[in-house]
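Read from first to last, the chains carry the letters A, B, C and D; within each, the first residue is number 1.
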Amino acid sequence: MKTLNVAIIGQRFMGRVHSHAWRNVQTFFDLDVSPVMKVACGRDEASLNGFARRWGWQETETDWRVLIARKDIDIVDIAVPNDLHHDIAVEAARAGKHIFCEKPLALNADQARSMLAAVEGSGVVNYVNFCYRRCPAVALAKQMIEEDRIGRIFHWRGAYLNSRLVDAQVPLGWTMLRERAGSGPQGALNSHSIDLARYLVADIASVMAMEARFIPERPVPQAGSGQSRGAVTVEDSAFMVVEFAGGALGSFDTSRFATGRKNYNYFEIYGSKGSLLFDFERMNELEFFSREAPAHIQGFSTILATERMHPYLSAWWPPGHPLGYEHSFFHAVADFLGAVDGKSAIAPSFRDGLRVMEIIDAALESARTGRKVAVPS
Amino acid sequence: MKTLNVAIIGQRFMGRVHSHAWRNVQTFFDLDVSPVMKVACGRDEASLNGFARRWGWQETETDWRVLIARKDIDIVDIAVPNDLHHDIAVEAARAGKHIFCEKPLALNADQARSMLAAVEGSGVVNYVNFCYRRCPAVALAKQMIEEDRIGRIFHWRGAYLNSRLVDAQVPLGWTMLRERAGSGPQGALNSHSIDLARYLVADIASVMAMEARFIPERPVPQAGSGQSRGAVTVEDSAFMVVEFAGGALGSFDTSRFATGRKNYNYFEIYGSKGSLLFDFERMNELEFFSREAPAHIQGFSTILATERMHPYLSAWWPPGHPLGYEHSFFHAVADFLGAVDGKSAIAPSFRDGLRVMEIIDAALESARTGRKVAVPS
Amino acid sequence: MKTLNVAIIGQRFMGRVHSHAWRNVQTFFDLDVSPVMKVACGRDEASLNGFARRWGWQETETDWRVLIARKDIDIVDIAVPNDLHHDIAVEAARAGKHIFCEKPLALNADQARSMLAAVEGSGVVNYVNFCYRRCPAVALAKQMIEEDRIGRIFHWRGAYLNSRLVDAQVPLGWTMLRERAGSGPQGALNSHSIDLARYLVADIASVMAMEARFIPERPVPQAGSGQSRGAVTVEDSAFMVVEFAGGALGSFDTSRFATGRKNYNYFEIYGSKGSLLFDFERMNELEFFSREAPAHIQGFSTILATERMHPYLSAWWPPGHPLGYEHSFFHAVADFLGAVDGKSAIAPSFRDGLRVMEIIDAALESARTGRKVAVPS
Amino acid sequence: MKTLNVAIIGQRFMGRVHSHAWRNVQTFFDLDVSPVMKVACGRDEASLNGFARRWGWQETETDWRVLIARKDIDIVDIAVPNDLHHDIAVEAARAGKHIFCEKPLALNADQARSMLAAVEGSGVVNYVNFCYRRCPAVALAKQMIEEDRIGRIFHWRGAYLNSRLVDAQVPLGWTMLRERAGSGPQGALNSHSIDLARYLVADIASVMAMEARFIPERPVPQAGSGQSRGAVTVEDSAFMVVEFAGGALGSFDTSRFATGRKNYNYFEIYGSKGSLLFDFERMNELEFFSREAPAHIQGFSTILATERMHPYLSAWWPPGHPLGYEHSFFHAVADFLGAVDGKSAIAPSFRDGLRVMEIIDAALESARTGRKVAVPS
């Protein structure tokens, strides 16, 4: 079987989930190409060796430029903080590597545009990992919309909420700094919701947004004695309303100050024929209301998307045996390898990733100016 | 026992619920004053007689001005469409009647301001019936906020959704005409959410809103042959984001195009110590998350607000025996009678009702101009 | 309109709910006969007067035999503890009164048989108030079974649980004494479940049951100094499995020691075409799974039984406005009056009430003997 | 690091899940021993090779006796149908292999007793894979019981329901034959519930059970033309009530005819201080009611058991990122390897597995005789 050499850059949370998928995708999915876990790349050499050994990466490399210069790498998996995406992706594209990139695509739309130019210039397969599209219940939602079970869509109501920053003692991290993250929950969380809304509803035409910053300074861990404090330079939360292309009206609320929410990626879609509700904390379920059932027995149904006929499920377990968070990464890796093998295109691409950045940029501008901002088309 | 003569104006849905409460409030609540169901007033004389007989109103009257001129009426209950509230309330206030008025208070803030001036000028008890405040689970939410179980509030996320207009064959009615209703779901539904947010969180400082109109014309039932079509002149839905006084960030989504939702009056409140969730379709329940429980057993609790120690419940049934929609009207009438008897003030007053109109006016302006609008203080 | 004079015996919890229904049934339901609240009967004269005044009973009487001897009473409503049902009902039947009797029908099957003989001998309308049949969501379940949406029924799983006796300080009351109550939760709670199972599934052929008594003695409130303790002489809980006529297999769990449950009257019905779930603590909802939907969108639907086309709902409010506990009593009274008026039969009758007692007697015997007991047919 | 050679027998559903765990346990858990995937054993040689290649088993073997005779195997993983457990386990024990055995332990208590004698005779580590104990939410339930948050336990209400046999066209398989499976859902499903009840509540003292068989014959797939039909020789469903050691009263309902249920492994535990509810179809959640919270805010809490401080979770993802079915197998393998390494005992052992068989045998006898059966102690 044809093999493809993969290099991963990043060894934290995303490095772990991606590695698990690369390592095991073939035990569940029948592929025509076989990924080889060639090189793990990270700056912290001490931990990198343990990481590579644990997950089965054959070699290590601490300089991503050296890594990309290697002729034997087919795929670069970018699993590092947002501020590094642009340079790595542009370089990798120039070197002809196929790119599997964590989200959000970049710090802003300008960077994303440059990245898109690079990948389209070189013709490499490019994918931005908005992983929730491949959660089976979400893929089922897409299928049901395509089956016209929802009809004309009137509304999207999205929320992506967690409570990571409610505690004022949580130290300042890179996700709270504009120069490293681009934005706060807009990029970290809401970018997922925007991608899902574009996937399931339509593109977004204009936005009005407000933001809040509740705890403007946080402790900075320091070597030596004592601790200093540093400024949070991104929003703590952002709520926005949008007009979709085609006229649907939508909302997106995102926050790191939603006490009780852990990883609450939630949406509601209301259409002329039916409605859909999804809550990632109950990721195996999709709620569906149909106006086409007899009137007296209509209701929201909880579809447990764990049957063989559900998207991706034939690779897994019998009905009623839940999947978990990591499984959508398996699905992404399987589909990505199919795309590299020329079997089918993969989405969301860098073009989609750019679009999400344009929408976030518009939202940031709206919050700054107090005006409705049309997303450039 | 001192009696108070009540006159009701309106004999449709609200006329029925109010009548049920006036008729039975004393069987459940121990009051020091006794309401007498004196006069039912409505323009359709044929149905009015049946209405009065059925509910026990002693007399009928088809002209509200005649009604208000009567010396023997102590309380006027305004249960008619929005466009009639202003004139009736102003007249009733001048005549020294205490006023129990359905929501929203008026067609707009200007009308509401004039009504407030009238009631404050004459010193009558004035109440606008945002009934959900007196749903026991909501009153419990208020109590828990006052007990400081929620802490500093970061977010309000409200939704008031139904699906009444999804079917394009639903005929044009007064609630879809700006001159009769003032606005669409903003006044009919979202006014409730705004009132609850002001009650539970804080006043609203500024808004950004968007609207949609999905089905701009609807059938008009006509005498004689055939049907014509008429324009819907209010919004079909409105989504908005707001800044609260004190800095909380909030959202309100309201729509008559939310397939599957029947009377979905829903909110989430996120604070530094805890969170609250409420869904009127499960009106006996309040969900509560507390950061003060041991970390490993924290979770959203479903409080079934049906125990004697819960607000208003000592008047009703044993634990686990649900109340229904109508019960909050009993609570409102009981509290209103207490206020007329001088026992305690009652809220929401016309001043609160005006404030809700000012916020809705600001939202309508924001949707029109595409700008953030500060609510005048 | 023809009037019917009603007398109620009992002024506690059931006396209150029944009175509310007699007082208001006509404001919601169009009837051809009109109930007159003639006499309230109870032993505690002091409280009886207040009770009668509050609810609108015209007269009072402290001796039920005197009451029944009156010629002007058409209907006797028995709302007293179980040990009084038999004598009152037999006497009332002999006097030709129509009988609306609280559940369970009697202390045991022998009493119930004697009561049945009396009412059938005299031909009076006889009804035992298993009120949950007339909860709209339950009536909808019945309708759906009749529409053959469930198919052949394989299983009933019922539970009726509360937590009233978890606290060892709860004093001994009549519901814990065999001579006054006949049994514990079997009669108080499980009789409801048995009635629903017979209504929705089939009659019960045989039972195997176990019981527990967790706190065998409780404080007895006493006049004078100090407190004594008395023995609980009924079961604290009873779990049983049953064979239905026709072969379905079922279970019933009932307990007053289910911490967290308030009035948890719950059932599941599994059939060859579909399934139904009901939880009275969410009484406006019925969950339905259909095997007849396309396989990939099957799921349990939550039907909010609040639409005009749902049973009894055309009398009430618009969609999404929940009913409460008391409303099933309105429905029972309306249907009972229709039966007295000769419009239609009413069930459950005393014959049904007897059958429930026979099943409970069989369960008590099974728990005593450790053997399967066939319910005599 | 010390290595341990593992051989697996079985290559179907259980073979796949176990292989996934052996293959990846070390990427998530820090162990002092390292499993080597040495041999995969199965009778179907054609599929066996693909199975071994896919999952990374180094060698294959079609005769389990030959396999066990090998000196280089440390651990035997038994993942075959029930009728093979006994002979393999006894042989493996004699050969000094540590045994990881799928549930139920055997066809009946006699076999289980012989297996227990063999493993205790040879002193090998023995484990029966009632995997749900290691679902984090269940392990959290155990922890909370040990923290005395539940108090004296009054009730267990368990159900293990699926709908695999509702369709009469489902062909006859080994799980429906007494000689191959021992029993029907009693062994396949309810054995899990019994194990959990023994783990969380107490041992079981006596049982009363009823069974049903709804579709007694099923199609038998045959080579050549046509199809024959064969008899189902196990129960289709079994409902039972039990007395626990210590006096709690419990119920267990198990069925393959519960339309809508997929893998519904559900329990409720009611105690004097609190209650717990668990539904495997929402496996990341545990519901908890505490009587120790202030009375007016008590309610069932949904604990999302995905935080680092929850059992096993520090090995996985951040809060709110659900685990799936397979993860409890990782936990079992990690704990089993620790036991083989002498770090700690592992449960459930064969002794526990025997006890479950004794309880099932008692239930089968009760259903046959119509009598309460004491489980021999």
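Going forward, a residue touches a chain if its C-beta (ideal position, glycine included) is under 8 Å from a C-beta of that chain, and two chains touch if they have at least 3 such contacts.
If you're wondering where the values come from, they're calculated on a predicted model, not measured in any experiment.
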Original post:
Counting C-beta pairs in contact, does A-D beat C-D or the other way around?
Top reply: C-D
Subject >> Chain whose Cα centroid lies at the greatest distance from that of chain D >> reply: B
Original post:
Distance from the CA centroid of chain B to that of chain D, rounded to the nearest Å?
Top reply: 54
**OP:** Compute the distance, rounded to whole Å, between the mean C-alpha positions of chain A and chain D.
**Re:** 36
**OP:** Measure off the straight-line distance from the CA centroid of chain C to the CA centroid of chain D, and report it in whole Å.
**Re:** 41
**OP:** For chain A, write out the residues touching at least two other chains, lowest number first.
**Re:** 261, 298-300, 304, 307
**OP:** Within their complex, state which residues of chain D touch chain C.
**Re:** 152, 154-155, 157, 159, 161, 163, 166, 208-212, 214, 237, 239-243, 247-251, 253, 255, 257-261, 268, 270-275, 289, 291, 298-300, 366, 370-372
Original post:
For the complex, which residues does chain A have touching chain C?
Top reply: 140, 143-144, 149, 286-288, 290, 293, 295-304, 307, 309-310
**OP:** Mind listing the chain A positions that touch chain D in their complex?
**Re:** 13, 17, 19-20, 23-24, 26-27, 54-56, 162, 261-264, 280-284, 304, 306-307, 317-327
